[in-house]
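Here chain A shows up in two complexes: once beside chain B, once beside chain C.
Moving on to the complex of A and B:
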């Protein structure tokens, strides 16, 4: 029983992985000289890491040399002296100029720029485009995945809640898988860091952020090619939430620790020279904590994607029989590690958030111990 | 990537590797001494490792993207 499950699981991972390889194969098989191939692989990896305006699954070049993209377009929403809404199919993956009303827009390195009918983009001396960039609120690939994950989580946990209410707190089906995880977050993350008294208030956020990051990390490993948690804007938003909750639920003790860490143990003229250094460091600390959260999650997921893609890219650099098994083996092993990392990063984010909430909701009963 | 930046990235990886290796090693020793406390030790180990890793990644990204 256990063995068949393991075999099924490994088969699934292999299948997912193989399709990812095919996606890369179609794009980089064109390169001829070594230099071109390398830059092509780099470009492909960079493209994969970026957020795009359309949900493209893969693209290929047919016998006549025509490029085909398989996928579906997403709505583009721009604010450019008025709301402009159009389908991203008008942009043709950056190959065409979209004509909307009186304006023309063009994709350049996954960003939308305003341009003229011919689609000219002017550059400054550092090769950065000088064209006007309209405010972009588009439903991009990442946004779609965030919506999907939100919907999935809503349906999943709503369903579990009703099933628990119906069966009298006995887990059934998926609940058997999720109950230990939820309990682990409650007992070993929330209660042990925040304390028996106040942990309840923080549970919704901790559970949401844990499952949100975990699910998105796992989606990042599928060949859909989404890299949501490897997007610094997403992790920044999550870290800002932690920052807001930490500081808005801060008790008197928390703020006293920040601005008067020595308390009554020293007269004011003794504290003054110390506090000139201590208080700026403490204030910086408020911002460094969420900053390290966002950098850690972003960099870990980004690095994981880069490593897997680069190992697959090895196949096209070796160009001999040894390349394929080597690159497949390495990338397969790294993919398995990435499954662990996906869970670990969600755990670390939740854990550290709980730790910060614990500092913030500390009560003044063990102040003498410091 | 220029050579100084490659050397810098290498140094970062060595530093982070030594740091996390030391944490892992000490945690193993601690678990061997007190197997009943392994849960707590693992949690503390993961947090410390994550903090070091965060700094390491920040530095790596700084070296990789210094030129933009």
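Moving on to the complex of A and C:
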């Protein structure tokens, strides 16, 4: 039973991996010389890591040298003196200027800029575009994936919840796999870090954030290649929620510990010089904690994607009977590690959030314990 | 850092926050609450069941202990009864023996007394008969002596012969 599961799992991973390789192959195979191929791969990886305004499944170049993108466009929503909504197909992957109302927009390095009718982009001396960037609330690929993941999670856990009601508190099907994880988060992450008394109010956030990050990390390993958790905006949003929950549920003890870390162990004239240093550090700490969360998740997922994609890219650079299988094996091994990392990063984010909540909800008089 | 800020997309941040909060709320309401509730109920149920089992076990032990106690008491009672019976039997037997012995002794004594008195009576009778006979003999002897000497002697001899026959 267990063995067949393992085999199925490995098969699935291999299939996903292979199709990802093909996807890359389609894009880069037209590269003529080694130098072009390298830069093409770099561009491809960079492009893959970024959020896009359309959902492209893969792209290929036909015999006439024309590039085709297979996928579907997504709505672009801009705030530029009023709401502008149009399909991303108008942008043509940055190859054309979109004419909306009286304004022209052009996609450049995955960002939308306001241009003139010809689509000229002016650059400053650091080669940054100087054009106006309208507020971009587009439904990008990442937003679609976030929505789909949310939908999947809702259906999955709603199913688990109803299976409890139907079968008398016994999970069925997929729930059997997810229930131990839910229990693990409750017992070993929430209760052990926050404590028996107060863990309950943090549970929904911890569970949601864990499965959200895990599922998105896993989606990132599929050939769809959606690098959602490797996007700084997403991790920032998650970390800010942790920050808000931590500080809004902070008890008197938590704030006392922040502004009066030494308590009554010292007279005020002794504490004064220490506090000039200590209190700024403590206050800085409030922000550093969630900041470390967002950077850790972002950097890990980003790095994982870069490594896997680079190793896959190496296959096409080597183009030999020794080098390509070698880098294939390496890429495969790294992919397997990435599956572990996907879970690990979700765990770390949840664990550290729980730890910070634990600090915030501390009740006992900490000052005396010092 | 500059690149990170450049990469930061406000739109994505907005959608992520909105969608995540919506997801959090929906899951909270429709998934986590019932799931955690069900798991909690189940755990409580298991705990209760275990406690009940423990209770039952204890009760069982109590019952067994009671049984044991009753059995022990019954055994002790039987033992006591048997002992009493044995003692009673022994007492009855010894009493009977005693009674028989005293009775026997008494009877023997009576018999002895009777024999003694019979003997005494017989001896007294013999004595009186001997006296009478002696007196008779003496009388006859005296009578014979008085008539004929020879005859007197013969008479004495005859008399003596008679006595022997007696």
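The criterion applied here is as follows: the second predicted complex is superposed on the first by the 366 of 370 C-alpha atoms of A that agree within 3 Å, B and C clash if a C-alpha of one lies under 4 Å from a C-alpha of the other, contacts with A are read in each partner's own complex, and residues count from 1 in each chain.
The criterion applied here is as follows: contacts are C-beta pairs under 8 Å (C-beta built on N, C-alpha and C of every residue); 3 or more make two chains touch, one makes a residue touch a chain.
Not measured: the values here are computed from a predicted model.
In the superposition on chain A, A:201 makes contact with neither chain B nor chain C. When the two complexes are overlaid on their common chain A, residue A:157 makes contact with chain C while staying clear of chain B. Legend: residue contacts after superposition of the two complexes on their common chain; A:114 is shown touching neither chain B nor chain C. Look at A:69: by the touch rule set out above, it reaches neither chain B nor chain C. After overlaying the two complexes on the shared chain, residue contacts for A:348 are found with chain B alone; chain C is out of touch. Of the two partners chain B and chain C, more residues of chain A are touched by C. By the document's definition of touching, neither partner reaches A:38: not chain B, not chain C.
When the shared chain is aligned, chain B comes close enough to touch A:303, but chain C does not.
Overlap of the chain B and chain C contact sets on chain A: empty, with no shared residue.
The touching residues of chain A, counted against chain C in their complex, run 50-51, 77, 128, 135-140, 142-143, 146-147, 150, 153-154, 157-158, 160-162, 164-165, 169-170, 179, 182-183, 186, 200, 203-205, 207-208, 212, 231-234, 236-238, 240-241.
In the complex of the two chains, the chain C residues touching chain A come out as 4, 6-17, 19-24, 26-28, 30-36, 38-39, 41-42, 45. Across the complex, chain A is touched by residues 39, 43, 46-47, 50-51, 53-55, 57-58, 60-61 of chain B.
Contact residues of chain A toward chain B in the complex are 188, 292, 295-296, 299-300, 303, 344, 347-348, 351-352, 355.
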